[in-house]
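Scrolling down, you'll hit the structures one after another.
One chain, chain A, appears in both complexes that follow, with chain B as partner in the first and chain C in the second.
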Partner chain A sequence: MSQQQKPLTAFAVLSAAAASMALPVADAQAEARPDERVISYRNSQYQEDDAPASRTFNGVTDRYSVNVHQLGFDTPIADDWYLTSELQYETMSGASPMQTYENSDGQSVLVMSGASIDDTRIDLKLAPTRYFEQGTVGGSVAISSENDYQSLAAGVNGSLALFNDMATLQGGVSLAHDTLSPTDPELSTARQQADGATKTTVSLFQGVSLVLNKDSALNLGLVATHSSGYLSDPYKTDDRRPDSRAMLALSSRYRHYLRWGPGQENGWHLDARWYQDDWSVRSQTLTTRLVSRWTGVHWRFELTPMLRYYRQSQAAFYGLEQTPDANNPHSSDARLSTYGALALGLSSELGWKAWSLSLDYQTYDASEGLALVGDTDKETPGLVDYQLFSLGVSYQY
Partner chain B sequence: MNKGITRVAAGLLCGSLLLASGCAQVAPWQRGHLGSDVMSWDSNALKRSLDDHIHSSKEASSGGFGAAGGGCGCNG
Partner chain C sequence: MVTREVIQEVAEGLWRCHFTALGGPCELHLGCDDRRLTQQAAAAVEAETRRIEAKYSRYQPDSVLSQLNARAGLACPIDAETHQLLNFAWLCFQQSDGLFDISSGVLQQAWDFRQPRLPEPQTLQPLLRRIGLERMQLQSDQVQIPADMELDLGGLGKEYAVDRAAAVCQQLGIRSGLIDFGGDIQVLGPKADGSPWLVAVRNPAQPDQPLAGLPVYQGGVASSGNYERGFDLDGRRYCHILNPRTGYPVDYWASVTVVSGSALLAGCLSTIAMLKQATALAWLQQQKQAFLAVTTDGRQHRWPDQPSVE
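The block that comes next holds the complex of A and B.
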């Protein structure tokens, strides 16, 4: 089962931002350890749309559906220590693209894996944080396990408040080591070569949060990541990627406070990211949300519409030749093509005393045309559209 | 690329600190709005975690708001 093809496999992010998770922007002030314990559960249904039948080689059009259970528990563990933890369990089934090639008519043909694939994944993350008067020091460990992919990761991070808490510096480093063990290795040479292969990823993070005025704040971040080892997808046909990848992402997050009436407040969020790597992939991401909250004596209600736009340019070795040169890097993975994607979401949360209930919906559409600029002459039927529906409950004590 | 990363990192750090030192001071008692839940960088950790995971497995890009620890073979 392809660790490259799965929509939801091992976690990519061991967050140095674990320290910034769920924190208000007032973390630009010296942070205080949270006092409360929070237990939360969330179930999500992820469903991909069918592949286009007119472009599918073998008539298989069903794509992935995933059922995700998440259990979170955050608690003080000592005077100045706080622990956040997350356990995730996924079950997934469906088919995925093995190859895309361009036929003599100039149309792209999508070859899907023949049979529906079933798999499960379990993932555990722990992140303790020590709070000081002017900052924090934290760590994180994560383990992820599935039939054909094992991952271990660890990281450290910290923050330091400066200039009367007008600015907070953040930094972190993380390391991950993954091991592949493709199923049915007898089916291809690529699977045999990948059996026991490893991948190592090192990531450095630097960021700063700034109080701009009493109603707005800005966070800037820079992440440099280097992966080495087996980076190809053994389940895809003629997938040969370089054995190293250097990535750089620059991000900004802006928050602005608005109040339109008594008992009501809003936060406007604008997030942007610029990304590039030495596979020639360049991408830009823009996300905006308006978080509106109404508060009563024992209850609160929050509604958040979200709009996200993403675009990327293709990797240097992306191509749709049916029989590419075996001596050169090559991949027909749609995720390495030039395309754009638009996501719309609506989140709601109803709180009553210490309880809260959340309901979220998100739809994601990707297409060549949404790239807006770049070479999008080639059809990319392997691009995925999906819907995500989530229901969550949490209790704080 | 390493030199470029170092320059960008140094520029980000210095520029941010200059910006911070030049910003009008906001007293702690004036920061109530900034502490509101509607202003959180990430309001729901489980939601953010899953959203990030899906996006990083469906797109060629990942990271940006924290150190990416790897551990995912699902990136394009």
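The block that comes next holds the complex of A and C.
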């Protein structure tokens, strides 16, 4: 989930400070290979709130809960090589929406999957990176296995530091190939048709990071993604999505550092993202964080409140007809409707010598009304509210 | 300020200028075709150096530093430059796990290195209690130190002055040269023919003799060693680099020389290495900055293993 922050060497800390003193500093270095090995463990509990009882068809209101264990190990593997690896084990249970339709009173009715679904997922990710004087070249492979879903992914990425590290170009390409094998195929023809179906996703990323001045930095990124193959949800009723999807996202991340004296450092982050795809989903995200860091000789403490607003407009084929035309694309998946969401979070991290302990909490509320603009007169009881709580510990040596 | 007599053209387009400040010799070797520009640079460097000395010398009672010490216990307003220096000192303190401490200068009251005599423990103890930079409260516009604390920028001031001198030369467009304030060095850029400057590293056993010559194209060089001030007693060397926790001199390294981005960086890294004693070797290697370290029993460690000119 969150990327492990590598502690800086004394040289890195002091040269950054010296650089900010308007002194000539030769040999500004690009990102150097970390020397530390880091072992980390994180447990996250994700809990969705119950579906609204007054809008569910069969009285099932329990939604998903997911328990995630992540074990990470990062290590130098050769002179200029560094490997990050992560093993993730997830268990999930609960019911999920099968269909939403509008009844004759204009209310939306949510049909939940009857029995609780129990599943486990195992992910393994390996990402070696080679550090050069002026940049990095990295690769990644990931394999993910679930009862009804297998995924293989690989990618390459690189970065290049320019103008004395004042600008860094980033780029990457990744490829994922997924295979479906829905459980209980006798329950629907959609499940039978999806058995053995595949989905291929290619993603291209380009970005640039700019140091604006000694206190601020900006990162701009553009991601183009294309998925093709079986893109529907076989567990939903009348879910027929186009067999390709082209997506484009532009993101900007702004960082402003506020130094308030020794041992106290603050940063203000503002992230914005614009997204659109050829299913006519458009979304905008705005996230802001205030990072406060207190540092002593052997300890450090970081507290970060976060506020995020998200909105999107619905896919062209989103609809709430109870029996839609079988010849046209259709979905009543709430994630393709017009809605908005607010997330509030608080992250904390306590470091002591080589140890670090982190505690994070996030609450997320989605609703039709939060879309603020767009077609929101239809009820969307399938939208999910959730709480996420995670506890992590890491040790470096 | 610099008179014509102390500016010499030692070779075609290479000028040597010197003056005395910060308690020692200050030398500039500038590669420049223009005598007037060289004079201008030398005068500007000397003016800047004297400004820094007047501002941060602990021997001048009206210096900013002396005023801060005189008003210890009270919050004192400070300017941006003083904040940056104190903040840098704080980072050195933090990165050295408290070993590099600009409040440890009070220990000089117990140690008189002109005489081979050890201080009494009862003299050291009350001084040790006055040390501890974690008690400094620094904000961007003010600082407050405890009433019993005294700050001394001796460990950073000269290196800072070297880097400021380099900035002055660069602003005047001088790209080739070497600035040497009593062994703290900043190389502006390679010699006119593109070759590196050869910086001599002293042999700690015979400080008049060079141990090695380090070729440096650009950046800072600084050495910290037990030969600078100290005395020998009963077969042991007691040098002026004092551990702020024990009050006693360090004794693992005879000298540590670091080549880094600036004189200030090289200086603090070499001093922290001296203070870290035996654990400094692994720490120095992590910093990925070139160094040459010599133990008190004469063993040499260097990184990278580039051939030096003996």
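Annotations
In this text, the second predicted complex is superposed on the first by the 367 of 397 C-alpha atoms of A that agree within 3 Å, B and C clash if a C-alpha of one lies under 4 Å from a C-alpha of the other, contacts with A are read in each partner's own complex, and residues count from 1 in each chain.
By definition in this document, contacts are C-beta pairs under 8 Å (C-beta built on N, C-alpha and C of every residue); 3 or more make two chains touch, one makes a residue touch a chain.
Bear in mind the structure is a predicted one, so any value in this text is a computation, not a measurement.
Look at A:S145: by the touch rule set out above, it reaches neither chain B nor chain C. In the superposition on chain A, contact is made by A:E86 with chain B only, not with chain C.
Touched residues of chain A, counted separately for chain B and chain C, are more numerous for B.
Of the two partner chains placed by superposition, A:N67 touches none, neither chain B nor chain C.
Of the two partner chains, chain B is the only one that A:R253 touches; chain C does not reach it. Shared-chain residue A:D35: touches chain C; no touch with chain B.
Of the two partner chains placed by the overlay, neither chain B nor chain C lies in contact with A:T75.
By the document's definition of touching, neither partner reaches A:S181: not chain B, not chain C. On chain A, the surface patch touched by chain B in one complex and by chain C in the other comprises residues 9-11, 13-15, 17-18, 20-29, 259. Chain B meets chain A in the complex at residues 1, 4-5, 8-9, 12-13, 16-17, 19-21, 23-26, 28, 30-31, 33-76. Within the complex, the chain A residues that touch chain C are 9-11, 13-15, 17-18, 20-29, 32, 35, 259-263, 295-298.
Residues 84-88, 90-98, 134, 136-140, 160, 163-164, 166-167, 170, 186-188, 218-220, 260-262, 264-265, 268-269, 272, 283, 286-289 of chain C are the ones that touch chain A when the two sit in their complex.
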